[in-house]
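What follows is a pair of complexes built around subunit A, which joins subunit B in one and subunit C in the other.
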Partner chain A sequence: MAQVATAAPLQGREEELRRGLRVETGGNGSGKDIVFPWKDLEQLIQEPEEIGGSQKISPEILYRVAAPVKEDIETPKVLRIREIIQESIDCLFNALEIDDELERESVMNLFTESIFRLSIFIKVNKNLKDAICLIQTAVEGQIKSVYERDKILALKEVLILMKGNIFMDEGILDKCFDILESAGFDINAPLTGIELAL
Partner chain B sequence: MNESRKVFLETTIMVDRLCKDEATVRKIKKILSNYNKTYTSNYARMEFKKGILQHFIYLHGKVVLCENLTEVFETTSRLSATPQRHLLGSILESINNFYKSIYQTKPSQIIKQYGDITLDEYLKEMVESYLSYLIRNSWRKFDKVVDEMINPMKCFVDIEPPRKAGRIYDNISRTCDRSKYKCEIRKFFNDNSESFSKILKRLQGLANHDTETINRIRSLKEILRVRKRDIRIKDCWNCGDAIMAMEATPDSDIFNNNQRHYIPICEALDKQSVGYDILL
Partner chain C sequence: MRIEFDKLIVERIILEVRFSHGFLYWDNCGKIWKRICEKWVELEMIEVSPDKAVFKIQDQGLQLKFSQKDIHLSQEYPPTSLKLFKEVTKEGIPLISDFLEIKSFSRIGNRIFYLYHTANLKEAEDIVKNTGLLTVSGDKIKSFGDDLYEPQIRFKIQNEDVGYIFNISALSRVLNVELPKPLKVDSSKFITDAVLIDVDYFTRKAVDLSITDFADLIDTVQKNLKYNLTKLIS
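Right, the complex of A and B next:
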């Protein structure tokens, strides 16, 4: 009898999922509805060859489809941050391979745009916000100059650190400060022109 | 380059080295390249802690607690009309303008597309983060930007870094009167009374005395008058420039951004006061 009682609602949920409808979270404790990121469960059951045997799958894609529990409600944001950071890192890798200055600087312009897109995530984590502030400060101070190789390498190093530590501690944050400073970025540009002596 | 040249970095230069823009830091490095040893003192760190660092900490706390930056501007404008209030306003305005320029010229389109963060929110968050960076980083780097730290009169030996109490920084034991250890400033003055007397005489001989010099003369007189009595903290602070000029060893130049006060003091001690004008 008990089996019958539990089986029926489960079948109902599965049916709703198949139709891509909003469903009650039930056991997840949030008391709110969650919209699942897929329309149809069939999307989740692809054959390996459809994914593409030779193509690598990024961790972001793997996690994106597995986010329906309460703890992971913030996950899409984190994934989006990682994606933007990865785009920025890709720009830097490209820039490092380009000999032509104008072409390299054009790629760095794309990188700059990419970095400022992180602005919308400043409320995710305090230390991440400080790191975003710092890297934006460094990049803004560089807009009217030409990037040297060391600076591009430093940005790459910092972004790799950030990507691997979205919920970073202060130790990682300090490391980010140090890398950018030692590469010669003008982190104190916001105080330019102020006489600080009392 | 003279092989034996040493330079003492006074508080104003330490502030510039740690908090000013790249162009200023480049100037400082260029001047320091003439020396083969750089050093500063715990007295300079004490002045840094009770001075500019306290300004950053005050502003950071207000930015955290206020709804937006307009409220912070209003709050600081209600402080007593002092140079400190003026400096707070300038710092806040400068940082605010820097990030406003970023928001207005860079990500606005993107924010429209993806986000829900307004200019006010962005500015508040960025200014808070930047002040937090200044507080943490300037303290952390204080003894790293010089070759050596000295403390001949055991000034504020238990000086502590600012710490976060929740969202707000606490500038623990802001001033040295909260130290658990008694300093040896009285002994330092007694051991060097002749040199301090020379400074007093030189300052008294100046044609014009600004408020700072008037206070310094008064405090020096008082300290040199009764040599067995503990030195009052205010007298010690009034003599800050003279104390740091004395701390520097005889073979050192004294690099400062306060030539008006350091030149006569260094003249009295037969030491060289070096400012940015050396580059001209």
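Right, the complex of A and C next:
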């Protein structure tokens, strides 16, 4: 186990102040470093997010503050974004269970409201910004139409991806685009009528 | 005597992430260096070898080191806001991780060395002895000598996800720096006697880069310590 290698001034009565020595943080509490279950690099690069999923820390635990008065603590952005996304996902789950079209559309209105609340977080990550814009564009393009089941499922899939990847890379963003496009959302709606000079 | 959190001086703060398979270090070291220099122009290259690359901002006491197995950032006597430290971790670690194609960390550690300045070593020793974390009865002490000196307490508190290692000790040290005449060292700000409270926060499970905001993580650890550290040691 790589244990603490502290710099000189930290212990003893007459230690010299030596600079430039490396100080590490200590072990992980298990007596050894965590060893991932994957075997080779190829496996790691292709599907890292699916490996050892059950052994990962959730953001709710990572950013948890044990404070006497919770109201005094500003919730980290990651958790606030995840909360809003979860509200949106809950709306979609509810909508999927409603047979009455009118009632379902009113739940989807609540969903739309949640999605637009994400706008304040567009500075968190460039790809997240694009994903938020993407989903808002999809929702805006849907205003005059009724949501079909496949579209609700696609929105749910995209939001679950976003929730697990707040600081997303371009690969995840592309995946979001593909899911929405293949569900029939008009992602290019804002460009309608514009002649592009190619 | 009760230690007040606001009177603790951060002598050094460290944030370290560990990972497996960072082999692209050997391919991308120069590219990483170039991108990092564009962001923080004051960074000086100290050492680059197949083992590690080390950079520093001397004025700020900030050091960034990365290799095929970890990224390590430390700062000595950071300002209370930890502005630069948080900025470099928040932007630098994802940047390096992208080049190394690292998506998960096997461990994240955030270690802070606090000093509580005392008038002398005896005062520091008394504070450590009175934390309630160390109990040695007078009888036991008398079996070996007159009094207990240089107390040091080390323990770990953890759950299945995260943990803290605490190391509390009385510290006395001298500054030993030689300069050619007629130069003299101004050691007025050097703390010789203190209680050293070394706190090492660590994760015990893998953490995805895609959900990690290092500035928020540092804030979370700081808040947890602010609310709970003095309760633990008083």
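Keep in mind that, in the parts below, the second predicted complex is superposed on the first by the 122 of 198 C-alpha atoms of A that agree within 3 Å, B and C clash if a C-alpha of one lies under 4 Å from a C-alpha of the other, contacts with A are read in each partner's own complex, and residues count from 1 in each chain.
Criterion: a residue touches a chain if its C-beta (ideal position, glycine included) is under 8 Å from a C-beta of that chain, and two chains touch if they have at least 3 such contacts.
Being a predicted model, the structure only gives us computed values, none of them experimental.
Undergrad: Contact-wise, after the overlay, does A:86 reach subunit B, subunit C, both or neither (first, second, both, neither)?
TA: Neither: A:86 stays clear of subunit B and subunit C.
Undergrad: Using the superposition on chain A described above, determine whether A:116 touches subunit B (first), subunit C (second), both, or neither.
TA: So A:116 only meets subunit B here.
Undergrad: Could you let me know whether more residues of subunit A are touched by subunit B or by subunit C?
TA: More residues of subunit A are touched by C.
Undergrad: Does the superposition put A:78 against subunit B (first), subunit C (second), both, or neither?
TA: After superposing on A, A:78 lies in contact with subunit C but is clear of subunit B.
Undergrad: Look at A:169 in the shared chain and tell me whether it touches subunit B only, subunit C only, both, or neither; answer first, second, both or neither.
TA: Touch partner of A:169: subunit C, not subunit B.
Undergrad: With both complexes superposed on chain A, which partner does A:188 reach: first (subunit B), second (subunit C), both or neither?
TA: first
Undergrad: Touching subunit B and also subunit C: which subunit A residues?
TA: No residue of subunit A touches both subunit B and subunit C.
Undergrad: Flag every residue of subunit C that touches subunit A in the complex, lowest number first.
TA: Touching subunit A: residues 11-12, 14, 16, 18, 20-21, 23, 65, 72, 74, 94, 98, 101, 103-104, 106-107, 109-111, 113, 121, 150, 152, 156, 158, 161-163, 165, 167, 169, 171-177, 190, 196, 198, 200-213, 216-217, 219-220, 223-224, 227-228 of subunit C.
Undergrad: Name, in rising order, each residue of subunit B that touches subunit A in their complex.
TA: 12, 15-16, 19-23, 25, 51-52, 83-84, 87, 90-91, 94-95, 98-99, 101-103, 106-107, 110-111, 114-117, 122, 125-126, 129-130, 132-134, 136-137, 140, 257-258
Undergrad: Considering only the defined contacts, which subunit A positions touch subunit C in the complex?
TA: 4, 6-7, 9-17, 22-30, 33-36, 41, 44-45, 48-49, 51-52, 55-57, 59, 61-68, 73, 76-78, 124, 164-169, 172
Undergrad: Across the complex, what residues on subunit A touch subunit B?
TA: 112-113, 116-117, 119-120, 122-123, 129-130, 132-134, 136-137, 140-141, 170, 174, 177, 181, 184-198
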